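Labels A, B, C and D are assigned to the chains in the order they are written; within every chain, residues are numbered from 1.
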């Protein structure tokens, strides 16, 4: 088994540079690529995924989108504000001016695209001024949005074979990993082995840490950016080698927090998104699906997690739906 | 074949009252129901749908979400406004203050929930002050949103067998129905027959009129609310009798416009949503899928069209994904 | 001196009913009135106010409008979210496509109208289903906004003689009243006497409690809705008798909190706005002005506090400017 | 009389460079300046302005803020979207859960800061990558807003002597200048002479072209960015020499459109804002004030036009109030 680079906590720059070199996919799908590892998710993988629909049960893997969310304003990320343009009270009181007794309600939303269950787009993170596939960040994402790799390009693609790795259940206590717990390649492979499931090229992997279940009991606290279980920086090699199409967790930030370097901020993102072109999902709600998988022993399923094709977006709210 | 009520253009009230009586599903799924005809979409239907994935090709049925959309402000419905919180230009210029060369982009959106490709929630339309299942509209949808049938309740359900009825191709000229063309039950059944496809209980039916293809050539014009092809009021009986789970079109308003009564506004909505509990989709982009169906002759497919679980919403933007 | 009704803490309903009866201005300015006590602010008062400009120094009485504000989401009131449509980084990098070296920056805001320094409009509060001047609340403020007394009607009017009552300085310790301190008519008149200033018909009175100065030191805490010094319910008579045009405080909610009844919510609002038609301002920053008034002994000044004429709004963000 | 540079329509770059050199105020108020020509508006000017309040009548110079505005989406500038958080219908129907019969309405807004009557902040326009006072644009206005000259710094200052130059009335026909009419220094001085008013250091000058009156009759058309009367590029010298504090018009863009060069975009902005530090207002409604000035012959008045102190904003919606 190939390990990722040994970590020197004092040298994130060195570790990031080494990993970027080892795990880059730049150029792998041509100069014009806008999809990154979604290229791994092909028609054969979709046929394989669809064959996993056996019982016909479906699960939403989304948290709710409302003011009761975890956001506290970090980098102006707020919870969604949903307001009404028309209501049933107005309709009932005859205030709407429509004919023949018809009434209507209508609504608007204002929200950060990454306020709740979401995909990070390929334009979300840069490495030393470079975006996915080696493009200059300032030519890719301007105030007009992501001009090259906007999430709209992924619109038809994110449907395929999903695999749940319930590391919280296999490795944790009472189904949960503690905050600050770094999930390593060993944890991931041990969990897959325990589940009797394989992870391979083109899969969409969803990793349950149990943190969301915990904050449901205890209150949001610092869910949005504070200490959390999550993937170790050392999993970069596994993420690259397995050739998965996408990966998502039930945490705010995908990777372990505090990060594994002394002065660092989301170093695994810096490898995974701009260098690897990997689609990363965050704040997924995996608890109902995990219960079902534990009950029937089937950890692979059909998964659709279609981003809204918001032109130029570097992320998208989603409602992933798993069907078994 | 049972027809809908004969239309007296001068009497929308009478026609609506008669149809509401004939086609009501109030109480059919109990007093507490929040799903309406989505109840028809069961596990067996999902198994049937998943079996339609033969080639593994996928299609997004969403229009783009951006300022170049059709909205002109009717009832304060605007096009989406997408703005950046952080950009690649700032990252490239070293303005972000992050360590080890990581940079980021982030974004927000403000949009009506029905500005582009969308589902109407069950709280979207009322009939004489009553909402789905006979509840008082003013107790269901207040300024706080839909307190009972918010679209979040549909989150895990909208995945199943999709059927395309390309009425534009079968009945129209050059693949398009003219504005003001009322699609009747006969058109729907003739189209299904021509396609060699059946429509039945629990299906998600998508009806292509060709209007979107036309405005793509000619400019939006009055796509958002003006004259359009669409379902005749007389299809209410077919919508009820077939026990479909949901139906969507490539037009702004699902039903034919101008409406078929002298002084009327969306009378079929008034039957379909509050009385029947039918899930209605609008502004879907069916053109790429329709091309493929015409090519391979397969008009049924696996379809996931998961609403964002926005608490209390009466509609949701969606990116429906069809897989064949 | 006429006192307000004696308070029975167990009977807010009774106290409110009595005060509503005693202090109502319904009909005082005709059936069509949209201005309430702003009618007291006439041309003579403006001449009197302008004559107070002696030194020519000006003070902004506004707090800042940004994410660092006090709002915590109560009734979906958030802090303002300000985002850029165009930036100097894009301009500097040549991303904007303009000729001859011109570049630009542009921005948008999403905010509750009462998130920071603001006026309450006359449609902001109702008494038993009735709005200002005896109109039915449901016919005045619908989902389309305030159809009758929208704050746009006040646009040209709010400029006149301002009077600062620095109760914090006169009555408090170190310039501040403690949270929960009820400011009575005696406190107001004693403060005016100490300042050597009179309060009369048409004045805009600004009352400084010192709470804002305190939370500046200690952090926002529960500034937005928690315990605070403020006007006693018993000042209703004084507010009515003095015939002031408007009143504002440096607190979130104008009146003392917790309110002076056992189970109550902002009972003085219920008298002042729908019954008296009084313009109420909240979250004003009076500290710099108060320093100056203490230094020169002049507590009256010219004051302009013009609401944005947002059609149908029940409140408006403002930047009040005092000139002495 | 010193004229501005002679215009070669083929050479905007040359004309701009020459004017920038001649009329720069960089360094005039020190390296740290954030106010530009507002420095001219001093205490003496405020005393002079306040003395102009003779009758005590007040005028709002703001257009309304609502969906019926002129914006068509250029650079994502939309009209304001005002929505309700709570309404009188909900209050009347007892849906709000408050005690003792109190009810409330509350609202939010989403709007570009320059959608209606507004000030351009000093960070709004750049000249070849430089902002006001010679600072690098990319260090002044990032995605976090204007970090140096945000409009909040102007909060207490914009109150002083206003002067109306009703060029539409003096020079135009029926009170209106046609679209494309370039207002020159001669027009400005002739208008002042006709009014019997002087323009001098520290004044806030408001120029009425009559275009707003015209589009009120004819519909918005291309008011937001199309052909319009406005200041000639050649007025740059006058703007500089008069040492006015600010200037505003009743048009979308302050300067004449089409611009006076073959391939150009708002060249006078490029001189006035980054080089001169001049505060520019747009979309003011001067018609009611102009009627009054014509009637009483007094074209100077007290004017308060206080921007909302939105931290880091490059513009602000305003409600300017003139008092005579």
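Criterion: a residue touches a chain if its C-beta (ideal position, glycine included) is under 8 Å from a C-beta of that chain, and two chains touch if they have at least 3 such contacts.
Here is each chain with its UniProt name: A, B, C, D = Cyclase.
The shown structure was predicted, so the numbers you read here are calculated from the model rather than taken from an experiment.
Q: If you match contact pairs by residue number, which of A-B, B-C or B-D shares over half of them with C-D?
A: Comparing residue numbers across A-B, B-C or B-D, the repeat of C-D turns out to be A-B.
Q: With contacts counted as defined, which of the two, A-C or A-D, has more C-beta pairs across the interface?
A: Looking at A-C and A-D side by side, A-C shows more C-beta contacts.
Q: Count the residue numbers both subunit A (Cyclase) and subunit B (Cyclase) use at their shared interface, divide by all numbers used there, and answer same if that is over half, different if under half.
A: Since more than half of the residue numbers are used by both chains, the interface counts as same.
Q: Using CA atom averages as chain centres, what separation in Å is found between subunit A (Cyclase) and subunit D (Cyclase)?
A: Taking the average C-alpha coordinate of subunit A (Cyclase) and of subunit D (Cyclase), the gap between them is 45 Å.
Q: Any idea how many Å lie between the Cα centroids of subunit A (Cyclase) and subunit B (Cyclase)?
A: Chain centroid spacing, subunit A (Cyclase) to subunit B (Cyclase), equals 27 Å.
Q: At which residue positions does subunit D (Cyclase) touch at least two other chains?
A: 76, 81-87, 89-90, 92-93, 95, 108, 110, 138-139, 142-143, in rising order.
Q: Residue numbers of subunit D (Cyclase) touching subunit C (Cyclase) in their complex, please.
A: Of all residues in subunit D (Cyclase), those touching subunit C (Cyclase) are 12-13, 16, 42-47, 49-51, 53-60, 62-66, 68, 75-77, 80, 82-89, 91-93, 98-114, 123-129, 131, 136-143, 145-146, 152, 155-159, 261, 263-267, 269-270, 302, 304, 306-315, 317-321, 323.
Q: In their complex, what parts of subunit D (Cyclase) are in touch with subunit A (Cyclase)?
A: Contacts found on subunit D (Cyclase): 81, 83-85, 87, 89-90, 92-93, 95, 108, 110, 143.
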